[in-house]
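Both complexes shown next keep subunit A, but they swap its partner, so subunit B is in the first and subunit C is in the second.
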Partner chain A sequence: MGEAAAPETVVVIDDDYAMRLSCCKILSKMGFGVEAFEDGTRGLEGVGRLKPGLIVVDLKMPGISGMEVISRVHEIDPQITIVVITGYATIDTAVEAMKCGAYDFLPKPFSPDELRLIVNRGLERRRLSLESQRCEVERAMLKRRFVTFVSHQLRTPLVAIHQYLDVLKHLGDTAEVAAKREEWIDRCLKRTDELQSLIADWLTLARVEGGTLTKERIKVDLKQLLPGILKTYEAMAAGEGVSLHAALSEAPLCVSGDWNCLTVLFDNLITNGIKYNRPGGKVTVSGWPAEGEVVVTVGDTGVGIPEQYRPFLFDEFFRIKDEGAKKTTGTGLGLHISKKIVAEMAGSLDFESQPGTGSTFRVRVPAWHEADVAKTGSSE
Partner chain B sequence: MSAKILLIDDDQDFRASVRSLLEGHGYEVCEAASGHEGLRMIVEYKPDVVMVDIMMETSMEGYGVTHALKYLDEYAEYRQIPVFMVSSIEESPDERFPMSPEAEMIRPDRYLTKPLDIPKFLEVLERTVGVGKGTST
Partner chain C sequence: MTRVEKRILIVDDDRDFVEATQAFLEANGFTVLKAHNGKDGVKLAKMERPDLILMDIMMDERTEGFFTIQEMRRQEELKGVPIFVISSLYTEMPDFDNPPDRAWLAHDEFLAKPVDMVQLVEKIRQRIGQPA
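Moving on, here comes the complex of A and B:
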């Protein structure tokens, strides 16, 4: 962002005074910071100092040749875009210059429009290339962080289980240990469950990312799917003193998607609604059609999401650890997976939340069109 | 008087098993579930040894506790308390951040990996608190 605020700098290197003057005039009118130099040596010094986004260089100059300028500029910064100016007679040289890493060439004489066009295109290419480089770095960092995180998440329950068993073995048959044995075995079982669900969630995530879970598109009526899911979680909700409600429109709520995937999505939203709720609370699932889309909301009357955590809610492994929030179990992958599933279906998932009052998650996905039949039919 | 050990770890199960182990060997144990709570308890209980996990609410929390204890003026009177950093990360700060001047700032007195090697852990602990404080069974 800060980069966009400063005007891009363009350097012109040409031994022809008139050419320098007209280039400077055109380019500074475009809003660039422009500096011109009359030979390669001064030009290179200027490039090193000004760090321009683009340079315009004449190939035929006394002293250091334009060709040498190209390679020396790229030694300074390979991301600088280079446009060469050349006479008609030297098209071959221009081609050679492009092989050396110049971006494009302008044969003399050229119009102001031609210069503007080529400079804009060159800077656009540079912007895209910088952008993709930045994405690459970010992705590599995320990947490293992901590996550290996953191994920590897998190790934590394993360490807890191992430590229990080792201490049991070490302390032997004392009365104190006997009193704890039952409780510790239960805890070990709980922690193995935690590992199981972590691995299950992780596999789901891998399938969603690989596209296999969302490839199979069939017509799914959420009016059939949602009541079934709610039924599955009745016992869990009752255990927490939470009641489940459905408010689905009369009209069918057909979407194009994968039954299992949609189940994972609403499983996650509904169980979150139950877990981050309070005794006597409600989870309400509403659904209605809206202009080519189907909207489903899952609202709870729970603790809400504190403001400072909202930006991270869909991040992998993010979990709210708050004094007010009661201790809940979970892998921290549920919402991350849900977001990906909805994105794969070309829909959106967002939420509103009031601390102390509750949260509502809203899914919008494209409605089923009969035309989708042909699409799914043709894909093998 | 038995030696007091403060366990700072966000995993309640890890704390529960280590507490029983230590109590079984005659130590007094207090627990904290976060770095913040841990620092508060250092002031309150003045433990003889602090055991601290690295990745808790934040992924560097244990480093923060160690740094606070060893370098902040606020904790100057507790600076001599030995810190055992305990983590499932296999590398100590010096190995994890080689040649980094920051590693010095978070260097614990001992670095132990999870799960604990019980005999070795007890031996190190006993050596640290001095003979007669922990009563070996």
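Moving on, here comes the complex of A and C:
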């Protein structure tokens, strides 16, 4: 991941000068920042200050014992990996040390290779454990957030429907409410549609995440797919006063993918282009081959995406909440799903946007190679 | 005879919820003011000083209602105006990243969505009386 490659710091605590010297030499040659200390007190002070990833500590030292160093180090940071060095006949102590939380031990004398091996292994384990801790925290947070959003998004239309029905039940025969009956029933139906599309989008998302939606890889010519999709949305576009245009290159635009999956992708991009547009506006779908890839852009002439929303555009449930965009309906999952679909196809999805002029979404996916046939076993 | 108006401000981003609730309150003699986000809610409340406020929680921001209540509580001209929270978030919300100041608990009633309209009117009457 994008972490700064600051060299890991290793601390050596040993009362033996020659041992400190040779450990320092070997470890700094491995590219670590190394500091050595001659006793536990100084060593612990150093650990607190340097926040090392790993320490090498001699178990038998005057002053604070190595065993105590272990427990105090873990009080400072339980994720620091500890390797203990033991003299002969102290294997029992080494085992004891490992029970206290040391990662491994090196019996004296040891070779430079043994030190290198154990330090690398220790740091690798630390890296994995930090990584999984981070993933765990993130996963738990996402899950909680997801549950809150899902329940809120499901409840909102249900509450509206319930509220209308409640009022109709209590006041249905009054003149004021009778006059509203038609309109309210229509609203209820609209809100059930909202629930339907929410559920449909979640199912699509679950299928994309489960990998089942993108599993099928057949040869799909976008020159056949895209005009069909545009036709589907002609009526919707006309309703918004938006015209649809295709600018596809002469050459076929064949990619390796799943027809339904690609349909979901371009459905999302094209309907967004229509919804976030202006009367008299245009949505233009262009496509051309480019160095082993197929590029498709979907451009609109809408208000553009305000700068502050851009980093969140592909987040699940994210929707722009500007006054102008408020009237549009949506689940907040369309672009999130689209991004995932493209990623599954080893492609990329990005966008450019000019406030007041419009936005263009660009899909790049690997072009179809005849060799793909052999891989998928499909023939056309 | 002077008519004693009772005015209720509904702050909720779901227009259907507002429409249905408005119809029921009006049928029961209340006058309804409405806002669809917290900012407009505060503005309208300060301008009109309603007799009671119904407040949603999750609007544009996930905790918008809480912060709106806090803001309203700070307004001198809104002193003593009861605020009823009506929200589908009726757990103690363990999942909010930044728990708002507990001062939001100063709301006067917490009603779960969907709300029983008859019960809602009953609670409003108990608090501010029936419009004459």
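Basically, the second predicted complex is superposed on the first by the 268 of 380 C-alpha atoms of A that agree within 3 Å, B and C clash if a C-alpha of one lies under 4 Å from a C-alpha of the other, contacts with A are read in each partner's own complex, and residues count from 1 in each chain.
The rule is simple: a contact is a pair of C-beta atoms (placed from the backbone, for glycine too) under 8 Å apart; a residue touches a chain by one contact, two chains touch by 3 or more.
Everything quoted here is computed from the prediction, not taken from an experiment.
Asker: Between subunit B and subunit C, positioned on subunit A by superposition, is the outcome a clash or a fit?
Answerer: clash
Asker: What is the contact status of A:Arg187 with respect to subunit B (first) and subunit C (second): first, second, both, or neither?
Answerer: both
Asker: Touch test for A:Trp202: subunit B only (first), subunit C only (second), both, or neither?
Answerer: After superposition on chain A, A:Trp202 lies in contact with neither partner.
Asker: With both complexes superposed on chain A, which partner does A:Glu176 reach: first (subunit B), second (subunit C), both or neither?
Answerer: Both subunit B and subunit C are touched by A:Glu176.
Asker: So in the superposed three-chain picture, is A:Asp166 touching just subunit B, just subunit C, both, or none of them (first/second/both/neither)?
Answerer: It touches subunit B and subunit C both.
Asker: According to the stated criteria, A:Phe351 is in contact with first (subunit B), second (subunit C), both, or neither; which is it?
Answerer: So A:Phe351 meets neither subunit B nor subunit C here.
Asker: Quick check on the superposed pair: does A:Phe314 touch subunit B, subunit C, both, or neither? Answer first, second, both or neither.
Answerer: neither
Asker: Regarding the shared-chain residue A:Val147, is it in contact with subunit B (first), subunit C (second), both, or neither?
Answerer: second
Asker: Taking the two structures together, which residues of subunit A meet both subunit B and subunit C?
Answerer: Common to the two interfaces on subunit A: residues 148, 152, 155-156, 159-164, 166-167, 170-171, 174, 176-177, 180, 184, 187, 191, 321.
Asker: In the complex formed with subunit A, which residues of subunit C make contact?
Answerer: 14, 16-17, 19-21, 23-24, 26-27, 58, 60, 62, 88-89, 93-95, 97, 113-118
Asker: Using the touch rule from the top, collect the residues of subunit A that touch subunit B in their complex.
Answerer: 148-149, 152, 155-156, 159-164, 166-167, 170-171, 174, 176-177, 180, 184, 187, 191, 321
Asker: Can you name the residues of subunit A that touch subunit C in the complex?
Answerer: It is residues 141, 144-145, 147-148, 151-152, 155-156, 158-164, 166-167, 170-171, 174, 176-177, 180, 184, 187, 191, 321 of subunit A that touch subunit C.
Asker: Enumerate the contact residues on subunit B facing subunit A in the complex.
Answerer: 11, 13-14, 16-18, 20-21, 23-24, 55, 57, 59, 88-89, 114-116, 118
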